[in-house]
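Structure record follows, encoded as structure tokens.
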């Protein structure tokens, strides 16, 4: 491996190998083949080793074989991508090297690539794909809810739809902003050439596609009935589709831990000279806070899902009350992860909108320190509120006031973000660009989400709203109204920089208005449905609620259409129109927009020295963020400290 | 790439996506056992069912299951039944499975049938010892709940592959219930009868086509 | 370090400068140690939760008694592994390569011994995981900890292998800066010390909970 | 409403702020009045029981408090959009305010005060006359609500997929329907036989999770005879959506005769039931065969 390192800057051989030769090697093709082969091998091995095991007899559902299949499939996938080559080489004493993984050409998108910009693009496409699949499931859910009785899908299929939609969204949205945009832009924003652990970065991405596909394989295994929360002991009794849920979610937990660790190390150590903590773009602060949550919460998820997997395969009884376990153990452990997870979804959104508002208000970010304090406060508090998911579960009654207080206190740091946003808009010069529209809609939506959260945090109110459509509307207002709007803000803001191509603005505006209007039409009535007594995850409801539900379903279909508009715009702009975008289309001060488009592989020709904060719009005498000298060229030199 | 090639590529990708979605809908979402219409009978209909300890065929040869017989005497692996509205539905269940016992003995009493009774091998009963129950046939929304007596553990000639025949060990349970307005009602079994699943509640107990289904009153 | 305009000669020039690599390793190791401890503490939480609840009186039936001997041996292996490694890190600081290699290899052997003991324990226990809450946590903890330990030992093995390699690297003439690998060695050893000590402390905590109290 | 103000965008911030405050005060007054007087009487979960009434009052209070907050942010947002919009292609910088200072402190103080007082109000409702506002409180409730009679104990048993109800005071009879007398404190002991369920009777103002091996107590005092809908509010498997039934609140006399009829009708089943217990650990424990 070390010997190939020296060939990097050698001129390319004149005679290119035949096209099929380039398909052979450690790439997606090999990964798919080994992944599929691994599934069959693992399943066969699992079946062999369980012969004669009491626990797997007579179920027609050999959970050990299923897990072995998944394990071998993922191992095969990673081997096929070449993830074992380097660690094995190191275990054999080869020296550290990064050489062979950063290259040009479209092939790098289909293999292990340590260029953080490639990983960002890989993440973007993958997350978008799974987002659309999960969204399609939501359409099928709403189609069923057009009638108050089960009509289109039977009860099992309906629950599987709910579980697939919820789990897929939670899995993919956890990295919706960190995956594509933090991977792509955090190193650039802090003036670094790459992430701290580029190989781990690539690994964190390449775990996502198998996780999504394994979750989808639940369909072939009979579905799973538990929704995204996977409550035990229902999960103990569920069909083989449950194994797919457990394995896929655990993989995402692993991926999240790696992403978080990598981001933290990157921001802590790789900042360019002069990039002080108060000059850090606010988006990077959002990423830091999210990473802290990921690193501490996701391992708990991993351990919890492992316990369920042990219950299902090794016959332990962690969650069986009659055998010395407890269902409360699951709910406590799950929500210890689950509530920080909510902020894993929300915090990058805060970062994105606060990053975008100053650019289009042409004003400094109002109250930078307050925004940072708000995010840190949310991070800290989010670990102390999880039992508000258990207010009526029979938890210790005396604990409820404490969790009521902590939960309501978390709205204080969240409120900081609103003050920052409004303060930034105030007396600015607001331009109604598409990213700005999404960022402002974020505030409106998240406000409703936050205020409805106060109802849920108040125990007496929670008694009537817990487990109802009120909760469902609440978290869609925070996650979809918050995170997904921020995601699209980020997409319209940064994708032109990433692809070098402009979006069609008319289609983008149609997308925004359709999404904003029909998002509110879809979820606002569901607060009412929940208040009137409609529980979550049911396909049978009181016929008096049919009017509301029909309205919601139709709005949801139109909301789905607005996503289609986005997709059409994306394909049209990147495949057909291909209008080149300027290097800095938004006249942003952000360091990432000072680089040429496309951004060179090494980002910076020489390490930039940061001389000013990124939001000094209109500040007299403020220097540019960094003096970059002559335009950087691809492949330029090594590091200079 | 030329414009035409790009168009072709996008159209191809769209076609693949649509095809995948269509397969997903047809093979998973809309997959249901075929509904079976109860045979006509005086003042209503006759529904003939059997329960079998292990179905014996793919996809789940070891799962416990209900089967239903159509007018021509052929057994079908379905749990979705169509019965007429405002009529008497006479149900005959041939019980080939052994007893598991009820988790909640409350369901050992016959409820919601005409006279709150059933006949077991010709004897009229109001209730069953809870440990003798092998399954129940319950339509909670119509108030119907009938425990089904299992065959003895040591009975000779037990059935293990569906459909079971009259020669094999079984008990015969009959009861009649009255239907009301049209609608789609779920029915299920309350005996934790899913062998090898935790609490006996997994697998067939949670699967339509095995121990759960719909009664469509039409 | 090569400057921006100098031609690239060493594979290490492609990496960040050593002090940044070292800093990366330190931060990454601490973060991974935190992640590792949260995952394992989930099992500790399960231990205390189920023990306090004693649902259906089934926390620990009388017949649930794992082999205390294996437990003691396991704890001893973990302590020796940590001790050997810390001796090794000292030698690394001195620059005594030989001492480091011997001590680190010893740590590896003790770690593998601990892993083997866990496997032996799981193979030999006379109760099944079905035997209540304690048995569940016992099996779950040992399985989970064994996998965790194995991953930690992979890192340790890499360090050992790398230190063997640096010796030969001194002879390699083509690198402009031959001391670079060993400059990375020291911080890597320190960073791993964090991960190892957290893993060992958690292992000893598990020993205390599952065998002693 | 604010569009006619837009052309008056002045270079100084003062008139903007004054205008915004006036708009906000007027709209908030209207909004709060609407919430309290128009929406309030119809606010779920209504007043069928003391607990539901408590929850309704908290809901009204929260809605009334949320309205000005909602309006404040919305108005500031809309006002900024209208008054500070930059049309055309020119890129003009805004006023470079970095923020900080008194407004931040005031915001922190005000929001903290609001949420702490909300928590105090919620806690007060928990410890008020209803002792727990109808939520499941686990085996050790805060306190037993006062009543002329001791609470009537009714056990709610969740199972896949039906609710059954046991009356320990009447020979442990079990029924498929729940009926409770009006005007008396009822202690609902919620438990499950298999997986997690949640007993939700919205008109009663009761929600309590049914967890296997756990006794979850919720108190309720229905105020008048009537009926209420029960639904399962925790995903419990295939027929979760079908796990609903209707319960009755009867006059004490009607309740007496109802329960007597139930004792007779369910006599055969009652004889086979296990002795009453606050929770059950049913066999078969696992992997039934």
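Labels for the chains are A, B, C and D, by order of writing; each one numbers its residues from 1.
In this section, contacts are C-beta pairs under 8 Å (C-beta built on N, C-alpha and C of every residue); 3 or more make two chains touch, one makes a residue touch a chain.
Worth saying up front: this structure is predicted, and the values here are computed from it rather than measured.
Novice: How short can a chain-to-chain path be from chain C to chain D, counted in steps between touching chains?
Specialist: Contact-graph shortest path, chain C to chain D, evaluates to 1.
Novice: Among the chains here, which has the CA centroid at the largest distance from chain D's centroid?
Specialist: Most remote chain from chain D, centroid-wise, comes out as C.
Novice: Chain B to chain D: how many Å between their CA centres?
Specialist: The answer is 38 Å.
Novice: With chain centres taken as the means of their Cα atoms, state the distance from chain A to chain B in Å.
Specialist: 42
Novice: Centre to centre, by mean C-alpha position, how many angstrom separate chain A and chain C?
Specialist: So the centre of chain A lies 30 Å away from the centre of chain C.
Novice: Between chain B and chain C, tell me the centre distance in angstrom, where each centre is the average of that chain's C-alpha atoms.
Specialist: 54
Novice: Find every residue in chain B that makes contact with two or more other chains and list them.
Specialist: 186, 195-199, 201, 205-208, 212
Novice: Can you tell me which residues of chain C touch two or more of the remaining chains?
Specialist: 55-56, 130, in rising order.
Novice: Would you give the residues of chain A that are in contact with at least 2 other chains, written as numbers and ranges?
Specialist: Residues 55, 58, 150, 155-156, 225, 233, 237-238, 311, 315, 317, 320-323, 326, 328 of chain A each touch two or more of the other chains.
Novice: Which of the chains are touching one another, listed as pairs?
Specialist: Going through each pair of chains, those in contact are A-B, A-C, A-D, B-D, C-D.
Novice: For chain C, which residues are in contact with chain A within the complex?
Specialist: 1-6, 8, 11-17, 19-21, 23-24, 27-28, 31-32, 34-36, 38-43, 45-46, 49-50, 53-56, 58-60, 128-130, 132-137, 139-140, 143-144, 154, 157-158, 161-162, 164-165, 169, 174, 181, 184
Novice: Along chain A, where are the residues that touch chain C in the complex?
Specialist: For this pair, the touching residues of chain A are 2, 5-6, 8-9, 87, 90-99, 193-194, 196-197, 257, 260-262, 264-265, 268-270, 295-300, 302-304, 306-307, 310-311, 314-318, 321-326, 328-329, 332-333, 336, 605-606, 636-641.
Novice: Which chain A residues qualify as touching chain B in the complex?
Specialist: Counting only chain A, the residues touching chain B are 55-61, 136, 140, 149-150, 152-157, 160-161, 219, 222-223, 225, 233, 236-239, 311, 320, 571, 575-576.
Novice: Please name which positions on chain D make contact with chain B in the complex.
Specialist: 157, 159-162, 164, 174, 176, 193-195, 237-239, 242, 245, 266, 268-269, 272-274, 282, 284-289
Novice: Report the residues of chain D in contact with chain A in the complex, numbered from low to high.
Specialist: 13, 16, 43-45, 51-52, 54-55, 58-59, 62, 66, 69-70, 73-74, 76-77, 80-81, 84-86, 91-100, 103-104, 107-108, 111-112, 115-116, 118-119, 121-123, 125-126, 132-142, 190, 194-196, 198, 200, 202, 205-209, 211-216, 218, 229, 231-242, 244, 281-283, 285-287, 289
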